[in-house]
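Below you'll find the structures, each written out as structure tokens.
Presented sequentially are two complexes of chain A, the first with chain B as partner and the second with chain C.
Coming up: the complex of A and B.
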């Protein structure tokens, strides 16, 4: 019995060690050079979000106006996002991907602001999150980030890695302010984040 | 127990119960099946709806590859007890999330990969496949498996309810049918009881009571009618039986009476037989007693007549002739009566032998000569050439012919009497025809009717006028019948009568010892070489009167006569003398004639000497059997004796002189178709 128990403990220890090592390795790799599989998943997520989020009528100029996805900052997707979204439609609307170098570029480009429905804030823009959010205040744009604390700082959806899996946080208040209706099915899967920090300070 | 033999009451109950239960069972079953089918449909729909809901709820989780969320969604199925397993397959077909009702899941039961959407029943499970999609994008497949627990529970419950229902209604049916079956079985049972009662008690007065006017009612009516019929018949039978009983008693009485009468009759019969025997004995004795004196009367009257004729005292001759004639008449009467009584008693037998017809005719012609002459008649004899030797009873043939001729003579005066004899073939047999025709008074048609009856002469007046017993023709008739022949008559009153007798030429009845068949013929066929005294005749008789008469009569004929009273002496004398002929009586002083005859025939020296029996004892058959040449019954017809002796003498002398010519044939040649006036032999 004692031998069995010891063996079991040993096996458990080894398993944990292996998991920790592999997760560390993945983490390190993701930080160094974000893997294409991660962004493939994230591209799929973005598509799914588009499916489960309802925009107000005035968010589009026409009934068949495309859903414009803007990527702010460094583009880790490459061609992945374009490939995932190619040929796909939501409620009869195709997708269009636009890339913005900075918040200024964004603010300049999006005068009308009706030209962008989803804004993906790249991890490269960690420093300009509040600025970006401030820019988009009052406009029905679904902001998606991959920066820790993005949702708490006023972003609507934040993609996080948990146990090497992509999960997401939703700031319901922020969505409400943006006049976006997020499906309960989406919310059921999300980690809900309360009360955005208005002063823009980092939570971490 | 065989169902077919149970009582009608039970049958009815059983039938009702079976019918109602079966109907109920069938309707319940169909209802149950319908309900279960629709319930299953409902369940399927229900499961499909659930699949849709879960699919919808887990779509997002699938979209975001959120396995724990999907598992949590599936876990909501815990509330649904009948869902055994739920599995989500990804768009790549691989298992994504699963849920099992119990911990011990059988992985092999689950499909490893997703399948086509829809539902199908796998054994007792219902499988549902549902596409999971999000805004038209197919994300994967949901698999739900239900064990249809609700359905089977419902089925079980329904079956139980049905069973109870059927049982309850069966018992109700039993109650109701036990009450109602009496309508049918009641009258039948009643009928059966009545029937049993009738057959047990034989009481046909009982009647079954009719309850309803249905088929059983008419059955009961029929039964009652039948019963009353039987009752009537029974009564009639009983009456008839009583009557029969009475009759039987009467009959029994009658039978006993008859039996008594029969016994009396039997007694009477014995008495009568006794009387008859006594009569026969008396007749036999009487015939002896009558013949012995007659023998003397006739013999001596003949002698006296001859002597008177010789001494020429003519007046005496006539008187003596009357005595002689009366004696002969009396003798013939006695003979006739005796013959007839013999025939009546069935004791008359045939003695068959072969004899020469011509010789016999000659003898008779000689014998009837006096009768013919008496009425001045003429006799014509026609003897056909083909007639030769006949086989039959010569004595009886002779007597038939003699009787017919006697009658012809008697009833004819100055007329012609014709005798015709010929032989013809009829129906493959030879027949001798003897016909005697006369020109006398004839016979009327009425007289013909009783002509051959005993004691029936044509007229009583005739008897007075012509004499006779009326037995002659009756005896002829009887003899002819005995010989299987036939006799007939044709006659016209005043024109004469013709009697015709047909006799078989070769009679069939054998009564003769074969040894003597040849030897007994009138003509000895074997020639003896023993020397004999051809003129000596030995007479052996115990009656001195007979010895006297014989020696006188034969002496007159020119023979040397030796007479002796005892048999022994006769034998001695015969050896010494060797006579031509021996006459022998049966009754002798020392022994009987039969033994003497036997000894004579046993002696080789004497056996060839012809022996003529001359006796009162009427047993011709025995005499001829023992070897006698002829048999004459006393009183002796002397003329016949003379003819016989002459015949034997000539035969023997011709034999000794080795002459081959038969004297009889000579005789025949002479007499053929010749009118005979007096046929007495020359010797006379």
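Coming up: the complex of A and C.
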């Protein structure tokens, strides 16, 4: 009897709390997700990748066109990536960071390679990896993931945490099909994933 | 590893923890580059450099856990090393709000959010997914639970209930000690140390690789702790302690979705104490140096399998404990536990986790005049099932977690332990969370079948007009039920600047059916001779009441090479006997827990290879135990000599010569004072 009463009170409380918090949350301004310094290091990797990967000729309109980095899904970087790349240049190109909420958003915004050269696929998109890669079919975007099996599923670079250190896998076949030239220095440090590309990426 | 990850509600605020590690590693390299707003310039680092930076505990699982709707604190390997701690209890002193009090050199009282005591029973402790609380009293024998501290990856501490995931006894907190994988301990390590209290300590570990994907390590550890001082007799106490243990861990990853872990330990711990036991002959009690010995071992296997969108984990272990408390109690326990968990993404915004568990406890014991436990042979079975759903709403800025555990035990039948948690990331640098949970503490073996002869009142003495001696005895009872908790928690975390973060948790806990000791009708007993009266105090559930408090933690990197961290915690307990209770002890066990506690820690990198840490701690008085408040100042230096050698020297309690931290309960052993100590060690790592 005691338990019943307690449970009833508990249920009521849960309901109230959920309603209360949802309503607060609705009013809150849209802001970035919390950032962490795992992502500081990952930002460092992205900068290095930009430096050590060569895009095809048609990737940029001008010699000083920016390198566009897209973040697909939940953004764990917060402001870290923007701040790390602020004022930085690679081969005379500055950086621009864009954010895509979903694959649909990505498909709408990225029509050709000039729109985005690097796409970081957040861990929140585990269920949408194949979809995202299919969306980019034929566009030489350097896809960087943080999802187990990302490279096997056709992603080009996958960041993995191993014993609390950031390591990376490279799907060489996927890079080749995307017409991206990855520096041998980078490949020497990578774990090479030998896997056929499922969705037959083709370059234009 | 994965199982543990599943079970973690989480890891501390990653922004804080990871930042520090990163800063440590990065700042040396990125000197001078003016990056906006003091972020270390990672663009100046090469890929090789980046690959060598340690980022703490941020696997996807833990990353998400970092935003957990619970009061969480993580002690990292670096924290342990820099503190100079040589035992797990010492390391736990840095957790905000956790009470750690030393009773004597080999006994501790450790609890979370009140109810502290040597037999504190509301805290669950796990080592690599293996529960180490004893079903005898639902607490922990801190003098046998140990690991090689160098191999600890992190200690995750959750204050507040964790019953939905961890089950009964995760009432006021969960301590999760997680060791490194065999792959990350791939070298030989030798530690030798000694000092005034810890007289000698040696660690040996070797890690190796059998083939691609199979790694192992084996270790042995021995230490010997000298006696401290008995404040009442003013002489050397008998509380020396030594322990020897060894073990191994092997991790095997045959193909990427599957991984297996096997690990095991054996140990033996010998400890001394000054024990007072009652007697039916004049002078009706005797006090003498006593020796206890606990030995045991455990063996654990785990299989993880990761599918594309889900993962499963199957874990089984066997744990054996032999307790030989001379003159008091002998007990042999065999525990077998098997556990299955499955996590999957129900949709993009939902993560579902469920599991099943079975546990068998076989106990056999030998009694003494002072302590006996009925039945002397007993096997108990426990079954459990749980399910929890985590739902992300509003662009994943709000996370709602709903779940419950259903548990069956032979004493009280089915127990339900639900919780509801909400986390809201208000902005990118601040979040609030709140939780309501129910937890139960199921009866321990002693609460059902104990007889503890506490004292003998001499015939004709005060309180005993009869011509016969009277034993005041504490009895367990078949009617003893579970203790219940309904907990309400609210917390707030903020990263004020990239150098300053704070974390606040507050709680209100309402307990019902707490343990009381009800006087029963005195009776006459002839065995053992001489004929005597027994005045029983019988375990019952006639106490209830609320506790509330708050725990604050802040972390400030004042300079790139200097960090300050501090914690303050407040606790108020209002526990009362129910109207129908005749328990003769006063209300409020509160005074055995400190109302105020705080510490400030400074971590300074003096030179590239020289680190200095100092901490000032304050613990409020414990009026119920006549223990005055105390301050303690500890300091520690560590120097890394090129070539894998680390020198460490630390001193504790610099401020006052000696202080008392706690007093024993139930078993009358003499408490001893914590003195000023110095300890040094050399650690050598090589391939």
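The criterion applied here is as follows: the second predicted complex is superposed on the first by the 159 of 204 C-alpha atoms of A that agree within 3 Å, B and C clash if a C-alpha of one lies under 4 Å from a C-alpha of the other, contacts with A are read in each partner's own complex, and residues count from 1 in each chain.
Basically, a residue touches a chain if its C-beta (ideal position, glycine included) is under 8 Å from a C-beta of that chain, and two chains touch if they have at least 3 such contacts.
Note that this is a predicted model, so its numbers are computed, not measured.
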Check your understanding: Given the touch rule stated above, what does A:48 touch, chain B (first), chain C (second), both, or neither?
Key -> both
Exercise for review: Scan A:79 for contacts with chain B and chain C and give back first, second, both or neither.
Suggested key: second
Point to revise | Touching partner for A:100 - first (chain B), second (chain C), both, neither | key: neither
Exercise for review: Would you check which partner chain A:146 touches, where first means chain B only, second means chain C only, and both and neither mean what they say?
Suggested key: second
Practice item. Could you say whether A:186 touches chain B, chain C, both of them, or neither, answering first, second, both or neither? Key: both
Study note, to complete from the structure: Larger residue footprint on chain A, choosing between chain B and chain C, goes to C
Practice item. For A:120, select first, second, both or neither according to whether it touches chain B, chain C, the two together, or no partner. Key: neither
**Study point:** Where chain A meets both chain C and chain B, residue numbers
**Key:** 41, 44-45, 48, 52, 165, 167, 185-186, 189
Review point. Within the complex, which stretch of chain C touches chain A?
Key: 14-15, 18-19, 21-23, 35-37, 39-43, 45-48, 50-60, 63, 66-67, 153, 180-181, 183-184, 256, 306, 308-309, 345, 347-348, 393-398, 400, 402, 416, 418, 420, 422, 424-429, 431, 434, 436, 438, 484, 486, 488, 495, 512
Revision key, fill the gap. Per the touch rule above, chain A residues touching chain C in the complex are 2-3, 6-7, 10, 13-14, 17-18, 21-22, 24-26, 28-38, 40-41, 43-45, 47-48, 52, 74, 76, 78-80, 83-88, 101, 123-124, 126-128, 146-149, 161-167, 185-186, 189
Review point. Taking the complex as given, what residues does chain B use to touch chain A?
Key: 56-57, 59-61, 63-66, 69, 134-135, 137
Revision key, fill the gap. Per the touch rule, the chain A residues reaching chain B in their complex are 41, 44-45, 48, 51-52, 90-91, 165, 167-168, 183, 185-186, 188-189
